[in-house]
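Labels run A, B, C and D following the written order; every chain starts at residue 1.
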(Lines give C-alpha, C1' and ligand atoms only; values in the text may rest on other atoms or scores of the structure.)
Protein backbone atom coordinates (compact mmCIF):
# COMPACT_ATOMS: atom_id res chain seq x y z
CA UNK A 1 0.00 0.00 0.00
CA UNK A 2 1.54 3.22 -1.17
CA UNK A 3 1.89 6.25 1.08
CA UNK A 4 0.44 9.35 -0.58
CA UNK A 5 0.81 11.89 2.25
CA UNK A 6 4.01 13.00 3.99
CA UNK A 7 4.39 13.25 7.75
CA UNK A 8 4.50 17.05 7.50
CA UNK A 9 1.30 17.22 5.40
CA UNK A 10 -0.50 14.92 7.83
CA UNK A 11 0.64 16.96 10.84
CA UNK A 12 -0.55 20.16 9.19
CA UNK A 13 -3.88 18.54 8.33
CA UNK A 14 -4.47 17.36 11.91
CA UNK A 15 -3.57 20.80 13.32
CA UNK A 16 -6.05 22.44 11.00
CA UNK A 17 -8.90 19.92 11.35
CA UNK A 18 -8.44 19.24 15.08
CA UNK A 19 -6.86 22.39 16.53
CA UNK A 20 -7.33 21.02 20.04
CA UNK A 21 -5.53 17.71 19.48
CA UNK A 22 -2.29 16.95 21.32
CA UNK A 23 -1.46 14.03 19.07
CA UNK A 24 1.74 14.28 17.06
CA UNK A 25 2.50 12.34 13.88
CA UNK A 26 5.82 10.57 14.44
CA UNK A 27 6.17 8.50 11.27
CA UNK A 28 4.34 7.57 8.08
CA UNK A 29 5.90 4.60 6.39
CA UNK A 30 5.03 1.90 3.89
CA UNK A 31 4.31 -0.67 6.56
CA UNK A 32 2.47 1.55 9.04
CA UNK A 33 2.27 4.82 10.92
CA UNK A 34 3.21 6.01 14.40
CA UNK A 35 1.46 8.67 16.47
CA UNK A 36 2.17 9.90 20.00
CA UNK A 37 0.21 11.63 22.72
CA UNK A 38 1.48 13.55 25.74
CA UNK A 39 -0.33 12.61 28.93
CA UNK A 40 -1.65 15.43 31.10
CA UNK A 41 -2.80 15.32 34.71
CA UNK A 42 -6.45 15.48 33.60
CA UNK A 43 -6.11 12.23 31.69
CA UNK A 44 -4.95 10.14 34.64
CA UNK A 45 -7.32 7.72 36.32
CA UNK A 46 -7.44 6.88 40.03
CA UNK A 47 -4.24 4.98 40.78
CA UNK A 48 -2.11 7.17 38.50
CA UNK A 49 -2.83 5.36 35.25
CA UNK A 50 -3.91 6.72 31.89
CA UNK A 51 -7.67 6.61 31.33
CA UNK A 52 -9.18 4.15 28.85
CA UNK A 53 -10.77 6.89 26.71
CA UNK A 54 -7.35 8.48 26.16
CA UNK A 55 -6.14 5.18 24.74
CA UNK A 56 -9.28 4.76 22.64
CA UNK A 57 -8.89 8.28 21.28
CA UNK A 58 -5.28 7.65 20.30
CA UNK A 59 -6.23 4.34 18.65
CA UNK A 60 -8.91 6.16 16.67
CA UNK A 61 -6.49 8.87 15.51
CA UNK A 62 -3.90 6.22 14.62
CA UNK A 63 -6.42 4.44 12.38
CA UNK A 64 -7.47 7.75 10.85
CA UNK A 65 -3.88 8.71 10.06
CA UNK A 66 -3.14 5.24 8.63
CA UNK A 67 -6.18 5.37 6.34
CA UNK A 68 -5.60 8.95 5.20
CA UNK A 69 -1.92 8.28 4.56
CA UNK A 70 -3.07 5.81 1.87
CA UNK A 71 -6.21 7.42 0.45
CA UNK A 72 -5.27 11.09 0.78
CA UNK A 73 -6.56 13.77 3.13
CA UNK A 74 -10.29 13.03 2.86
CA UNK A 75 -11.93 14.53 5.91
CA UNK A 76 -15.12 12.55 5.36
CA UNK A 77 -13.71 9.13 6.20
CA UNK A 78 -15.47 7.93 9.37
CA UNK A 79 -14.83 5.20 11.91
CA UNK A 80 -17.60 2.62 11.76
CA UNK A 81 -16.41 0.35 14.55
CA UNK A 82 -13.60 0.02 17.05
CA UNK A 83 -12.69 -2.86 19.33
CA UNK A 84 -10.06 -2.44 22.04
CA UNK A 85 -8.47 -4.76 24.59
CA UNK A 86 -6.73 -3.12 27.52
CA UNK A 87 -3.70 -5.20 28.46
CA UNK A 88 -1.53 -3.39 31.01
CA UNK A 89 -1.49 -0.12 32.91
CA UNK A 90 0.23 2.61 30.94
CA UNK A 91 2.92 4.54 32.79
CA UNK A 92 1.71 7.92 33.95
CA UNK A 93 4.89 9.79 33.04
CA UNK A 94 5.47 8.51 29.52
CA UNK A 95 4.01 9.51 26.18
CA UNK A 96 1.48 7.08 24.77
CA UNK A 97 2.60 5.70 21.40
CA UNK A 98 0.25 4.21 18.79
CA UNK A 99 1.51 2.04 15.92
CA UNK A 100 -1.09 1.31 13.25
CA UNK A 101 -0.97 -1.03 10.29
CA UNK A 102 -3.82 -1.52 7.81
CA UNK A 103 -4.98 -5.12 7.33
CA UNK A 104 -7.15 -4.24 4.39
CA UNK A 105 -7.79 -1.21 2.25
CA UNK A 106 -10.85 -1.85 0.11
CA UNK A 107 -12.88 0.51 -2.00
CA UNK A 108 -15.41 1.28 0.70
CA UNK A 109 -13.90 -0.15 3.89
CA UNK A 110 -10.50 -0.09 5.56
CA UNK A 111 -9.55 -2.28 8.51
CA UNK A 112 -6.53 -1.70 10.69
CA UNK A 113 -4.91 -2.71 13.93
CA UNK A 114 -3.25 -0.48 16.50
CA UNK A 115 -0.77 -1.41 19.21
CA UNK A 116 -0.47 1.12 22.03
CA UNK A 117 2.66 1.46 24.19
CA UNK A 118 4.02 3.60 26.96
CA UNK A 119 7.03 5.17 25.27
CA UNK A 120 10.18 3.12 25.75
CA UNK A 121 8.36 0.04 27.04
CA UNK A 122 8.34 -3.25 25.17
CA UNK A 123 5.02 -4.68 26.32
CA UNK A 124 1.92 -3.12 24.74
CA UNK A 125 -0.69 -1.48 26.98
CA UNK A 126 -3.61 -2.02 24.59
CA UNK A 127 -4.52 -3.43 21.20
CA UNK A 128 -7.31 -2.16 18.99
CA UNK A 129 -8.83 -3.03 15.66
CA UNK A 130 -11.04 -0.63 13.78
CA UNK A 131 -12.98 -0.19 10.61
CA UNK A 132 -13.17 2.95 8.53
CA UNK A 133 -15.80 3.73 5.93
CA UNK A 134 -14.24 5.43 2.93
CA UNK A 135 -16.30 8.00 1.10
CA UNK A 136 -17.07 6.88 -2.43
CA UNK A 137 -16.09 10.08 -4.23
CA UNK A 138 -12.31 9.99 -4.59
CA UNK A 139 -12.51 13.55 -5.90
CA UNK A 140 -13.24 14.64 -2.32
CA UNK A 141 -9.48 14.54 -1.68
CA UNK A 142 -8.24 17.71 -0.01
CA UNK A 143 -4.92 19.24 -0.92
CA UNK A 144 -2.93 20.82 1.84
CA UNK B 1 -29.32 -6.94 40.20
CA UNK B 2 -29.69 -4.66 43.19
CA UNK B 3 -28.62 -1.04 43.10
CA UNK B 4 -26.33 -0.23 46.04
CA UNK B 5 -25.39 3.37 45.22
CA UNK B 6 -27.71 6.36 44.83
CA UNK B 7 -27.53 8.82 41.96
CA UNK B 8 -26.23 11.50 44.33
CA UNK B 9 -23.49 9.26 45.74
CA UNK B 10 -22.40 8.30 42.24
CA UNK B 11 -22.33 11.93 41.08
CA UNK B 12 -20.22 12.91 44.11
CA UNK B 13 -17.87 9.98 43.47
CA UNK B 14 -17.34 10.93 39.81
CA UNK B 15 -16.72 14.59 40.72
CA UNK B 16 -14.11 13.55 43.25
CA UNK B 17 -12.37 10.86 41.18
CA UNK B 18 -12.60 12.64 37.81
CA UNK B 19 -12.72 16.37 38.63
CA UNK B 20 -12.36 17.20 34.93
CA UNK B 21 -15.32 15.11 33.72
CA UNK B 22 -18.36 16.78 32.17
CA UNK B 23 -20.50 13.67 32.46
CA UNK B 24 -23.59 13.89 34.62
CA UNK B 25 -25.39 10.94 36.20
CA UNK B 26 -29.04 11.19 35.15
CA UNK B 27 -30.51 8.00 36.61
CA UNK B 28 -29.55 4.82 38.44
CA UNK B 29 -32.29 2.25 38.32
CA UNK B 30 -32.78 -1.48 38.72
CA UNK B 31 -32.75 -2.12 35.00
CA UNK B 32 -29.95 0.25 34.03
CA UNK B 33 -28.32 3.64 34.32
CA UNK B 34 -28.33 6.85 32.28
CA UNK B 35 -25.49 9.33 31.88
CA UNK B 36 -25.26 12.51 29.80
CA UNK B 37 -22.48 14.59 28.32
CA UNK B 38 -22.56 18.20 27.13
CA UNK B 39 -20.87 18.64 23.77
CA UNK B 40 -18.34 21.46 23.44
CA UNK B 41 -16.88 23.01 20.30
CA UNK B 42 -13.60 21.14 20.85
CA UNK B 43 -15.34 17.80 20.59
CA UNK B 44 -16.82 18.37 17.15
CA UNK B 45 -15.31 16.67 14.12
CA UNK B 46 -15.06 18.12 10.61
CA UNK B 47 -18.63 18.31 9.31
CA UNK B 48 -20.07 19.43 12.65
CA UNK B 49 -20.48 15.98 14.19
CA UNK B 50 -19.39 14.68 17.57
CA UNK B 51 -16.04 12.90 17.50
CA UNK B 52 -15.86 9.13 17.96
CA UNK B 53 -13.64 9.34 21.05
CA UNK B 54 -16.27 11.47 22.83
CA UNK B 55 -18.78 8.68 22.24
CA UNK B 56 -16.29 6.01 23.33
CA UNK B 57 -15.52 7.97 26.48
CA UNK B 58 -19.20 8.28 27.37
CA UNK B 59 -19.76 4.56 26.72
CA UNK B 60 -16.84 3.78 29.03
CA UNK B 61 -18.21 6.00 31.80
CA UNK B 62 -21.68 4.50 31.35
CA UNK B 63 -20.30 0.99 31.85
CA UNK B 64 -18.27 2.15 34.84
CA UNK B 65 -21.32 3.75 36.47
CA UNK B 66 -23.46 0.66 35.76
CA UNK B 67 -20.90 -1.68 37.32
CA UNK B 68 -20.22 0.52 40.36
CA UNK B 69 -23.95 1.04 40.96
CA UNK B 70 -24.13 -2.74 41.59
CA UNK B 71 -20.82 -3.54 43.29
CA UNK B 72 -20.26 -0.32 45.22
CA UNK B 73 -17.81 2.53 44.67
CA UNK B 74 -14.69 0.44 44.02
CA UNK B 75 -12.24 2.67 42.19
CA UNK B 76 -10.10 -0.28 41.11
CA UNK B 77 -12.57 -1.79 38.67
CA UNK B 78 -11.01 -1.52 35.20
CA UNK B 79 -12.31 -1.84 31.65
CA UNK B 80 -10.73 -4.84 29.97
CA UNK B 81 -12.34 -4.46 26.55
CA UNK B 82 -14.75 -2.25 24.66
CA UNK B 83 -16.37 -2.73 21.28
CA UNK B 84 -18.31 0.10 19.64
CA UNK B 85 -20.32 0.43 16.44
CA UNK B 86 -20.97 3.96 15.20
CA UNK B 87 -24.42 4.07 13.64
CA UNK B 88 -25.43 7.65 12.84
CA UNK B 89 -24.02 11.15 13.15
CA UNK B 90 -24.84 12.67 16.53
CA UNK B 91 -26.39 16.13 16.44
CA UNK B 92 -23.86 18.83 17.26
CA UNK B 93 -26.21 20.86 19.47
CA UNK B 94 -27.66 18.14 21.67
CA UNK B 95 -26.34 16.43 24.76
CA UNK B 96 -25.08 12.92 24.22
CA UNK B 97 -27.04 10.38 26.31
CA UNK B 98 -25.75 6.94 27.33
CA UNK B 99 -28.04 4.17 28.58
CA UNK B 100 -26.25 1.16 30.02
CA UNK B 101 -27.57 -2.20 31.12
CA UNK B 102 -25.45 -5.02 32.51
CA UNK B 103 -25.77 -8.38 30.71
CA UNK B 104 -23.79 -10.21 33.33
CA UNK B 105 -22.34 -9.45 36.72
CA UNK B 106 -20.03 -12.26 37.72
CA UNK B 107 -17.52 -12.49 40.55
CA UNK B 108 -14.59 -11.31 38.47
CA UNK B 109 -16.12 -9.99 35.25
CA UNK B 110 -19.03 -7.73 34.33
CA UNK B 111 -20.36 -7.31 30.80
CA UNK B 112 -22.67 -4.52 29.73
CA UNK B 113 -24.14 -2.82 26.71
CA UNK B 114 -24.54 0.89 26.09
CA UNK B 115 -26.83 2.66 23.66
CA UNK B 116 -25.84 6.25 22.84
CA UNK B 117 -28.32 8.87 21.65
CA UNK B 118 -28.45 12.53 20.78
CA UNK B 119 -30.84 13.84 23.41
CA UNK B 120 -34.44 13.77 22.24
CA UNK B 121 -33.75 11.56 19.21
CA UNK B 122 -35.19 8.07 18.88
CA UNK B 123 -32.52 6.46 16.72
CA UNK B 124 -29.27 5.54 18.51
CA UNK B 125 -25.99 7.08 17.31
CA UNK B 126 -23.80 4.25 18.60
CA UNK B 127 -23.88 0.94 20.43
CA UNK B 128 -21.11 -0.41 22.63
CA UNK B 129 -20.43 -3.53 24.65
CA UNK B 130 -17.74 -3.65 27.27
CA UNK B 131 -16.17 -5.84 29.87
CA UNK B 132 -15.08 -4.81 33.32
CA UNK B 133 -12.69 -6.68 35.55
CA UNK B 134 -13.85 -6.57 39.16
CA UNK B 135 -11.20 -6.47 41.86
CA UNK B 136 -11.33 -9.59 44.02
CA UNK B 137 -11.17 -7.88 47.42
CA UNK B 138 -14.70 -6.74 48.20
CA UNK B 139 -13.24 -4.89 51.19
CA UNK B 140 -11.83 -2.37 48.73
CA UNK B 141 -15.26 -0.74 48.64
CA UNK B 142 -15.09 2.99 49.22
CA UNK B 143 -17.71 4.80 51.23
CA UNK B 144 -18.68 8.27 50.13
CA UNK C 1 -37.64 -1.31 8.42
CA UNK C 2 -39.98 -3.25 6.21
CA UNK C 3 -39.86 -7.02 5.93
CA UNK C 4 -39.65 -8.12 2.28
CA UNK C 5 -39.25 -11.88 2.73
CA UNK C 6 -41.62 -14.30 4.45
CA UNK C 7 -40.53 -16.93 6.95
CA UNK C 8 -41.29 -19.67 4.42
CA UNK C 9 -39.26 -17.99 1.68
CA UNK C 10 -36.32 -17.52 4.03
CA UNK C 11 -36.47 -21.14 5.21
CA UNK C 12 -36.50 -22.37 1.59
CA UNK C 13 -33.58 -20.08 0.74
CA UNK C 14 -31.46 -21.36 3.66
CA UNK C 15 -32.23 -25.00 2.79
CA UNK C 16 -31.14 -24.41 -0.78
CA UNK C 17 -28.04 -22.30 -0.08
CA UNK C 18 -26.89 -24.20 3.03
CA UNK C 19 -28.20 -27.76 2.63
CA UNK C 20 -26.18 -28.85 5.65
CA UNK C 21 -27.57 -26.25 8.07
CA UNK C 22 -29.67 -27.32 11.04
CA UNK C 23 -30.89 -23.80 11.72
CA UNK C 24 -34.62 -23.18 11.48
CA UNK C 25 -36.26 -19.82 10.89
CA UNK C 26 -38.79 -19.32 13.68
CA UNK C 27 -40.06 -15.81 12.99
CA UNK C 28 -39.51 -12.81 10.75
CA UNK C 29 -41.14 -9.70 12.12
CA UNK C 30 -40.95 -5.95 11.80
CA UNK C 31 -38.84 -5.58 14.93
CA UNK C 32 -36.55 -8.55 14.43
CA UNK C 33 -36.11 -12.19 13.55
CA UNK C 34 -35.78 -15.45 15.49
CA UNK C 35 -33.76 -18.51 14.51
CA UNK C 36 -33.20 -21.80 16.37
CA UNK C 37 -30.59 -24.52 16.34
CA UNK C 38 -30.84 -28.10 17.64
CA UNK C 39 -27.80 -29.11 19.65
CA UNK C 40 -26.16 -32.43 18.80
CA UNK C 41 -23.69 -34.44 20.84
CA UNK C 42 -20.82 -33.35 18.56
CA UNK C 43 -21.41 -29.71 19.47
CA UNK C 44 -20.99 -30.15 23.20
CA UNK C 45 -17.80 -29.01 24.93
CA UNK C 46 -16.12 -30.72 27.88
CA UNK C 47 -18.43 -30.20 30.84
CA UNK C 48 -21.59 -30.73 28.78
CA UNK C 49 -21.97 -27.20 27.46
CA UNK C 50 -22.51 -25.95 23.93
CA UNK C 51 -19.30 -24.97 22.15
CA UNK C 52 -18.53 -21.34 21.43
CA UNK C 53 -18.36 -21.82 17.65
CA UNK C 54 -21.91 -23.19 17.62
CA UNK C 55 -23.07 -19.96 19.26
CA UNK C 56 -21.00 -17.83 16.87
CA UNK C 57 -22.42 -19.72 13.89
CA UNK C 58 -25.99 -19.16 15.06
CA UNK C 59 -25.29 -15.46 15.68
CA UNK C 60 -23.90 -15.18 12.15
CA UNK C 61 -26.95 -16.87 10.62
CA UNK C 62 -29.27 -14.69 12.70
CA UNK C 63 -27.60 -11.54 11.36
CA UNK C 64 -27.73 -12.91 7.83
CA UNK C 65 -31.45 -13.70 8.11
CA UNK C 66 -32.17 -10.28 9.62
CA UNK C 67 -30.34 -8.46 6.84
CA UNK C 68 -31.83 -10.55 4.02
CA UNK C 69 -35.33 -10.20 5.46
CA UNK C 70 -34.97 -6.44 4.79
CA UNK C 71 -32.95 -6.28 1.58
CA UNK C 72 -34.20 -9.44 -0.14
CA UNK C 73 -32.49 -12.76 -0.78
CA UNK C 74 -29.12 -11.46 -1.95
CA UNK C 75 -26.63 -14.28 -1.53
CA UNK C 76 -23.66 -11.94 -1.90
CA UNK C 77 -24.10 -10.10 1.37
CA UNK C 78 -21.08 -10.91 3.56
CA UNK C 79 -20.27 -10.56 7.23
CA UNK C 80 -17.44 -8.08 7.68
CA UNK C 81 -17.08 -8.31 11.44
CA UNK C 82 -18.59 -10.04 14.43
CA UNK C 83 -18.09 -9.45 18.12
CA UNK C 84 -19.46 -11.87 20.70
CA UNK C 85 -19.55 -11.95 24.48
CA UNK C 86 -20.21 -15.31 26.10
CA UNK C 87 -22.29 -14.77 29.23
CA UNK C 88 -23.50 -18.08 30.65
CA UNK C 89 -23.26 -21.78 29.88
CA UNK C 90 -26.01 -22.88 27.51
CA UNK C 91 -28.02 -25.91 28.60
CA UNK C 92 -26.96 -29.06 26.75
CA UNK C 93 -30.50 -30.34 26.23
CA UNK C 94 -32.24 -27.22 24.92
CA UNK C 95 -32.35 -25.69 21.48
CA UNK C 96 -30.26 -22.56 21.06
CA UNK C 97 -32.39 -19.54 20.14
CA UNK C 98 -31.09 -16.41 18.39
CA UNK C 99 -33.02 -13.14 18.34
CA UNK C 100 -31.62 -10.50 16.01
CA UNK C 101 -32.53 -6.89 15.56
CA UNK C 102 -30.88 -4.51 13.09
CA UNK C 103 -29.48 -1.31 14.57
CA UNK C 104 -28.79 0.22 11.21
CA UNK C 105 -29.52 -0.64 7.61
CA UNK C 106 -27.49 1.67 5.39
CA UNK C 107 -26.82 1.52 1.69
CA UNK C 108 -23.58 -0.40 2.01
CA UNK C 109 -23.47 -1.54 5.63
CA UNK C 110 -25.92 -3.17 8.05
CA UNK C 111 -25.28 -3.50 11.78
CA UNK C 112 -27.25 -5.79 14.05
CA UNK C 113 -27.28 -7.30 17.50
CA UNK C 114 -28.12 -10.87 18.45
CA UNK C 115 -29.13 -12.26 21.82
CA UNK C 116 -28.69 -15.99 22.23
CA UNK C 117 -30.71 -18.08 24.70
CA UNK C 118 -31.17 -21.69 25.73
CA UNK C 119 -34.81 -22.26 24.80
CA UNK C 120 -37.17 -21.47 27.66
CA UNK C 121 -34.53 -19.65 29.74
CA UNK C 122 -34.77 -15.97 30.56
CA UNK C 123 -31.10 -15.11 30.92
CA UNK C 124 -29.14 -14.84 27.66
CA UNK C 125 -26.14 -17.12 27.08
CA UNK C 126 -24.37 -14.78 24.68
CA UNK C 127 -24.65 -11.41 22.95
CA UNK C 128 -23.20 -10.56 19.57
CA UNK C 129 -23.00 -7.56 17.29
CA UNK C 130 -22.10 -7.88 13.67
CA UNK C 131 -21.65 -5.92 10.50
CA UNK C 132 -22.77 -6.95 7.04
CA UNK C 133 -21.53 -5.50 3.80
CA UNK C 134 -24.37 -5.14 1.34
CA UNK C 135 -23.62 -5.63 -2.33
CA UNK C 136 -24.17 -2.43 -4.28
CA UNK C 137 -26.22 -3.87 -7.12
CA UNK C 138 -29.78 -4.16 -5.82
CA UNK C 139 -30.59 -6.02 -9.02
CA UNK C 140 -28.67 -8.97 -7.59
CA UNK C 141 -31.81 -9.88 -5.64
CA UNK C 142 -32.75 -13.53 -6.05
CA UNK C 143 -36.34 -14.63 -6.31
CA UNK C 144 -37.28 -17.89 -4.66
CA UNK D 1 5.86 -17.04 28.05
CA UNK D 2 7.04 -20.60 28.46
CA UNK D 3 5.48 -23.47 26.54
CA UNK D 4 4.45 -26.30 28.91
CA UNK D 5 2.73 -28.64 26.44
CA UNK D 6 4.24 -30.31 23.37
CA UNK D 7 2.57 -30.41 19.98
CA UNK D 8 1.94 -34.14 20.38
CA UNK D 9 0.34 -33.73 23.83
CA UNK D 10 -1.88 -30.95 22.52
CA UNK D 11 -2.95 -32.99 19.50
CA UNK D 12 -3.81 -35.96 21.72
CA UNK D 13 -5.77 -33.69 24.07
CA UNK D 14 -7.82 -32.18 21.23
CA UNK D 15 -8.57 -35.63 19.77
CA UNK D 16 -9.80 -36.83 23.15
CA UNK D 17 -11.77 -33.75 24.15
CA UNK D 18 -13.16 -32.95 20.70
CA UNK D 19 -13.30 -36.26 18.82
CA UNK D 20 -15.20 -34.60 15.99
CA UNK D 21 -12.69 -31.82 15.34
CA UNK D 22 -10.78 -31.67 12.05
CA UNK D 23 -8.28 -29.14 13.36
CA UNK D 24 -4.66 -30.23 13.45
CA UNK D 25 -1.97 -28.70 15.65
CA UNK D 26 0.89 -27.68 13.36
CA UNK D 27 3.27 -25.97 15.76
CA UNK D 28 3.60 -24.84 19.36
CA UNK D 29 6.42 -22.41 19.83
CA UNK D 30 7.60 -19.76 22.24
CA UNK D 31 6.18 -16.92 20.20
CA UNK D 32 2.89 -18.52 19.17
CA UNK D 33 1.04 -21.54 17.85
CA UNK D 34 -0.23 -22.69 14.45
CA UNK D 35 -3.34 -24.74 13.75
CA UNK D 36 -4.85 -25.88 10.44
CA UNK D 37 -8.27 -26.95 9.23
CA UNK D 38 -9.19 -28.91 6.11
CA UNK D 39 -12.13 -27.38 4.26
CA UNK D 40 -14.96 -29.70 3.26
CA UNK D 41 -17.76 -29.11 0.77
CA UNK D 42 -20.25 -28.55 3.59
CA UNK D 43 -18.26 -25.56 4.86
CA UNK D 44 -18.35 -23.59 1.63
CA UNK D 45 -20.66 -20.61 1.27
CA UNK D 46 -22.48 -19.55 -1.89
CA UNK D 47 -19.80 -18.34 -4.29
CA UNK D 48 -17.36 -21.09 -3.30
CA UNK D 49 -15.83 -19.38 -0.29
CA UNK D 50 -15.30 -20.67 3.23
CA UNK D 51 -18.12 -19.78 5.61
CA UNK D 52 -17.57 -17.24 8.37
CA UNK D 53 -18.37 -19.69 11.19
CA UNK D 54 -15.60 -22.02 10.00
CA UNK D 55 -13.15 -19.15 10.37
CA UNK D 56 -14.56 -18.19 13.76
CA UNK D 57 -14.31 -21.79 14.94
CA UNK D 58 -10.67 -22.03 13.88
CA UNK D 59 -9.88 -18.71 15.57
CA UNK D 60 -11.48 -20.01 18.76
CA UNK D 61 -9.47 -23.25 18.67
CA UNK D 62 -6.29 -21.31 17.95
CA UNK D 63 -6.82 -19.17 21.03
CA UNK D 64 -7.65 -22.24 23.11
CA UNK D 65 -4.47 -24.02 21.97
CA UNK D 66 -2.36 -20.91 22.61
CA UNK D 67 -3.71 -20.49 26.14
CA UNK D 68 -3.45 -24.19 27.05
CA UNK D 69 0.08 -24.39 25.65
CA UNK D 70 1.06 -21.91 28.38
CA UNK D 71 -1.15 -22.86 31.33
CA UNK D 72 -1.36 -26.62 30.79
CA UNK D 73 -4.24 -28.79 29.62
CA UNK D 74 -7.01 -27.27 31.72
CA UNK D 75 -10.29 -28.16 30.04
CA UNK D 76 -12.20 -25.57 32.06
CA UNK D 77 -10.73 -22.49 30.39
CA UNK D 78 -13.55 -20.74 28.51
CA UNK D 79 -13.70 -18.08 25.84
CA UNK D 80 -15.34 -14.96 27.23
CA UNK D 81 -15.31 -12.86 24.07
CA UNK D 82 -14.19 -12.98 20.47
CA UNK D 83 -13.98 -10.23 17.88
CA UNK D 84 -13.30 -11.05 14.24
CA UNK D 85 -12.79 -8.99 11.10
CA UNK D 86 -13.22 -10.77 7.79
CA UNK D 87 -10.73 -9.36 5.31
CA UNK D 88 -10.65 -11.43 2.12
CA UNK D 89 -12.33 -14.51 0.67
CA UNK D 90 -10.49 -17.67 1.64
CA UNK D 91 -9.65 -20.03 -1.21
CA UNK D 92 -12.00 -22.99 -1.38
CA UNK D 93 -9.29 -25.55 -2.11
CA UNK D 94 -6.70 -24.65 0.51
CA UNK D 95 -6.44 -25.52 4.18
CA UNK D 96 -7.27 -22.68 6.55
CA UNK D 97 -4.29 -21.79 8.76
CA UNK D 98 -4.56 -20.00 12.12
CA UNK D 99 -1.55 -18.36 13.79
CA UNK D 100 -2.17 -17.22 17.36
CA UNK D 101 -0.05 -15.17 19.68
CA UNK D 102 -0.99 -14.22 23.24
CA UNK D 103 -0.91 -10.51 24.02
CA UNK D 104 -1.39 -11.04 27.70
CA UNK D 105 -1.48 -13.99 30.07
CA UNK D 106 -2.76 -12.82 33.42
CA UNK D 107 -3.87 -14.79 36.44
CA UNK D 108 -7.53 -14.84 35.47
CA UNK D 109 -7.62 -13.58 31.87
CA UNK D 110 -5.67 -14.28 28.70
CA UNK D 111 -5.92 -12.16 25.55
CA UNK D 112 -4.68 -13.26 22.16
CA UNK D 113 -4.79 -12.42 18.50
CA UNK D 114 -5.23 -14.80 15.58
CA UNK D 115 -4.38 -14.29 11.93
CA UNK D 116 -6.13 -16.62 9.52
CA UNK D 117 -4.74 -17.49 6.08
CA UNK D 118 -5.52 -19.73 3.14
CA UNK D 119 -2.50 -22.02 3.13
CA UNK D 120 0.31 -20.68 0.98
CA UNK D 121 -1.19 -17.19 0.64
CA UNK D 122 0.50 -14.11 2.03
CA UNK D 123 -2.53 -11.91 2.68
CA UNK D 124 -4.63 -12.84 5.73
CA UNK D 125 -8.32 -13.74 5.25
CA UNK D 126 -9.37 -12.73 8.76
CA UNK D 127 -8.07 -11.35 12.04
CA UNK D 128 -9.51 -12.12 15.45
CA UNK D 129 -8.87 -11.14 19.03
CA UNK D 130 -10.25 -13.12 21.91
CA UNK D 131 -10.32 -13.32 25.65
CA UNK D 132 -10.10 -16.46 27.74
CA UNK D 133 -11.10 -16.80 31.35
CA UNK D 134 -8.64 -18.99 33.23
CA UNK D 135 -9.97 -21.17 36.02
CA UNK D 136 -8.53 -20.17 39.38
CA UNK D 137 -7.54 -23.62 40.60
CA UNK D 138 -4.20 -24.43 38.97
CA UNK D 139 -4.53 -27.94 40.41
CA UNK D 140 -7.20 -28.56 37.77
CA UNK D 141 -4.40 -29.27 35.29
CA UNK D 142 -4.96 -32.51 33.40
CA UNK D 143 -2.10 -34.81 32.56
CA UNK D 144 -2.21 -36.57 29.22
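Note that contacts are C-beta pairs under 8 Å (C-beta built on N, C-alpha and C of every residue); 3 or more make two chains touch, one makes a residue touch a chain.
In UniProt terms, the chains line up like this: A, B, C, D = PaaI family thioesterase.
Remember, predicted model here, so these are calculated numbers, not experimental data.
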item	value
Intersection of contact partners for subunit A (PaaI family thioesterase) and subunit D (PaaI family thioesterase)	B, C
Between the pairs B-D and A-B, the one where more C-beta pairs touch	A-B
Remotest chain, subunit D (PaaI family thioesterase) as reference, centres from CA atoms	B
Euclidean distance of C-alpha centroids - subunit B (PaaI family thioesterase) vs subunit C (PaaI family thioesterase), Å	29
Subunit B (PaaI family thioesterase) and subunit D (PaaI family thioesterase): spacing of chain centres that average the CA atoms, whole Å	33
Distance from the mean Cα position of subunit B (PaaI family thioesterase) to that of subunit A (PaaI family thioesterase), given in whole angstrom	23
Touching two or more other chains - residues of subunit B (PaaI family thioesterase)	80-81, 83, 85, 131
Arrangement of touching chains [line / ring / star / complete / other]	complete
In the complex with subunit D (PaaI family thioesterase), residue positions of subunit A (PaaI family thioesterase) that touch it	83, 85, 87-88, 103-104, 111, 113, 124, 127, 129, 131
Subunit A (PaaI family thioesterase) residues within the subunit C (PaaI family thioesterase) interface of the complex	80-81, 83, 108-109, 131, 133
Of subunit D (PaaI family thioesterase), residues touching subunit C (PaaI family thioesterase) in the complex	17-18, 20, 42, 45-47, 52-53, 56-57, 60, 75-76, 78-86
